[in-house]
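There are two complexes below, and they share subunit A, which is joined by subunit B in the first and by subunit C in the second.
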Partner chain A sequence: MPDPIHQFDIHTIIPIKLFGWDVSFTNSSLYMVLAVLLIAGFYMVSMRARSLVPTRIQSVAEISHEFVAGMLRDSAGHSGMKYFPFVFSLFMFIFAANMLGMIPGAFTVTSHIVVTAALAALVFFTVLVVGFAKNGLHFLKLFVPEGVPILILPLVVAIEVISFLSRPISHSVRLFANMLAGHITLKVFGGFVVMLLGAGSYSILAPLPLAFAVALTALEFLVAFLQAYVFTMLTCMYLNDALHPGH
Partner chain B sequence: MDPASAKLIGAGLAAIGTGAAAIGVGNLFGQFLQGALRNPSAADGQFGRLIFGFAVTEALGIFALLIAFLLLFT
Partner chain C sequence: MSDPADKRGRRQGEMSPEELAAFQARVSDLDSKLDKVREQRHGRDSDQDAEMRGRGMAYGMRMATELVSAVIVGGLIGYALDWWLGTKPWLFLLFFVLGFAAGVLNVLRAYERMQKEFMAKTGGRIGHSVPDDED
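What follows is the complex of A and B.
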């Protein structure tokens, strides 16, 4: 059976060495650049007309804008709209990277923990900086819920601190694991088709895993969108914590 | 026990976790349907929350599946 992990290999395209660090341009970087170019190109083309009554492509741009804006407004309120550019670029980048990965043979940027961990760390430190800059030491009220009896308060504070610190881990692993496991599953089912085709008279069963792989591909498209949505949604919730601690 | 077979047993054990996630997802949709049939007019507004809960719950099953895959293929 072909190795399903092979699709996540990183190859160097342009080797670059900088102060002893390996900062080569790899296929991962290529797909990140592609994702960014795709988003930028799409918005340039779709918003060129800037008509009051949107054309079809312009309405796609407006709907995606309004979708993320609504998400942020609902969870972080109007004071959260200042961080809209950050949240919107995060959503579009993850969405574009996930969707590029769905092209057969393409590389999925978000299936590497280093990429998702960097994004999650960015969110985590943004929340920390914004929280302390906006509220000062009142930000620590996030860890002390109101109305808790004094006896169990130390325990609650400890749990709150641990859950706050484990946020970037679950935030990054959720996206990474979903993309990795989804793509491995697709590859495994593809491998079943090949194995059955080579199994003599059993090859009549080969369409079964093929049909399953098609259904799984549809599910993966849903997951690719959902995980971008969930990542952004959680970012909005964390930003809300930074802006309004103690709620 | 030789490490290769221990790996296979471990992968099988890790896959049990996906069943636990299945309970969670089934519970989620079941409860949603129960609520939705009691008050159908409010159901559409909660669709986003349903999908959000689904994605967060399903992710835990995926974690278990990931461990199984890592044991099998690396």
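What follows is the complex of A and C.
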């Protein structure tokens, strides 16, 4: 049976050593670069005409812009729009990486927790920096809910702090686990088809897992979009906490 | 939300209030007609159902990670404090429980947000539309 984990192997394409660190260009880096090039290329081509009545490709670009802008405006308000470039880049990068991963034989960047953890840490520290820069020590009010008796306040503050610190973990694990699990499931069902085909008279059963794999592929496309959406949505909410810690 | 859009429309002289009302009536009429057609066409099971299932899975996954990650963070903090202060295993136990409480808090908050999101999307109209006195 084909190894379902093999698709997540990292291998070096161009070995690079920098100050004793291994910063080689790997297949993961390649797909990240591909995702960025794809996004940049798409927007350059689609927005070239800049017509008032958009062409089909231009309207796709505009819809994606409106989608993320609406998400950010709804959850962080107008003051949150300053961080639109950050949020939009995050969404497009994760979405493009997830979709590139759906191409058979391609590598899925977001199925590695290093990548998603780095993205979540970026959001986490952005929230911290923005929160303290905008509100100063007032930002700490995020951990002190109003109307709590002084006796149990230390307990509540401890719980709130733990809740805050758990954000980057759930933020990164969700994206990573969804992509990893989905791709392993697809591979396993593909493996079942191959195994059944080689099992003599049982090969009449082979279409069964094949049908399942087809259905799962459709579901995976949905998950690829949904997880990019959920990641961005949570980023918006965390930014909202940084901008308006009072409530 | 609807108020500023309304004002902008009038300022540009695109629609008077009567026209707007007529337009809205037409839209809601069209909506209910579309609902009827959709119902006839594919009843309950359809790609909408599949999408809802995908969404449900994403939500379930989200709840699970919200709970577990807080427990892990609480446990780690307790363990680190124990290691630092030499109070094994008491702070670990305390922070493990606090982590669980934080996890439940996370889940409750996530649920609240989902509910709000869902209400905003459907406007509280969960089932199909039924004609009443206002129609």
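To be clear about the criterion, the second predicted complex is superposed on the first by the 247 of 247 C-alpha atoms of A that agree within 3 Å, B and C clash if a C-alpha of one lies under 4 Å from a C-alpha of the other, contacts with A are read in each partner's own complex, and residues count from 1 in each chain.
Everything that follows uses one rule, which is that a contact is a pair of C-beta atoms (placed from the backbone, for glycine too) under 8 Å apart; a residue touches a chain by one contact, two chains touch by 3 or more.
From a predicted model like this one, the values you see are computed outputs, not experimental measurements.
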{"item": "Clash or fit, subunit B versus subunit C on superposed subunit A", "value": "clash"}
{"item": "Touching partner for A:Ala118 - first (subunit B), second (subunit C), both, neither", "value": "neither"}
{"item": "Subunit B versus subunit C as contact partner of A:Met237, first or second or both or neither", "value": "second"}
{"item": "Partner chain(s) touched by A:Ser163 [first = subunit B, second = subunit C, both, neither]", "value": "second"}
{"item": "Subunit A: partner with more touched residues, subunit B or subunit C", "value": "C"}
{"item": "Subunit B versus subunit C as contact partner of A:Val144, first or second or both or neither", "value": "neither"}
{"item": "Which of subunit B and subunit C A:Arg174 touches, first, second, both or neither", "value": "both"}
{"item": "Touched partner set for A:Met44, first subunit B, second subunit C, both or neither", "value": "neither"}
{"item": "Partner chain in contact with A:Leu155 - subunit B first, subunit C second, else both or neither", "value": "second"}
{"item": "Touching partner for A:Gln227 - first (subunit B), second (subunit C), both, neither", "value": "both"}
{"item": "Clash-bearing segment of subunit C, relative to subunit B, as chosen among 9-17, 27-35 or 117-125", "value": "117-125"}
{"item": "Set intersection of subunit A contacts, subunit C complex versus subunit B complex", "value": "173-174, 177-178, 223, 226-227, 230"}
{"item": "Of subunit A, residues touching subunit C in the complex", "value": "155, 158-160, 162-163, 165-167, 169-170, 173-174, 177-178, 218-219, 222-223, 226-227, 230, 237"}
{"item": "Subunit A - residues contacting subunit B, complex", "value": "3-5, 173-174, 177-178, 180-182, 184-185, 223, 226-227, 229-230, 233"}
{"item": "Interfacial residue positions of subunit B with respect to subunit A in the complex", "value": "51-52, 54-56, 58-59, 62-63, 65-66, 69, 73-74"}
{"item": "Subunit C residues touching subunit A - in the complex, by the definition given at the top", "value": "50-51, 54-55, 57-58, 61-62, 65-66, 68-70, 72-74, 77, 95, 98-99, 101-103, 105-106, 113"}
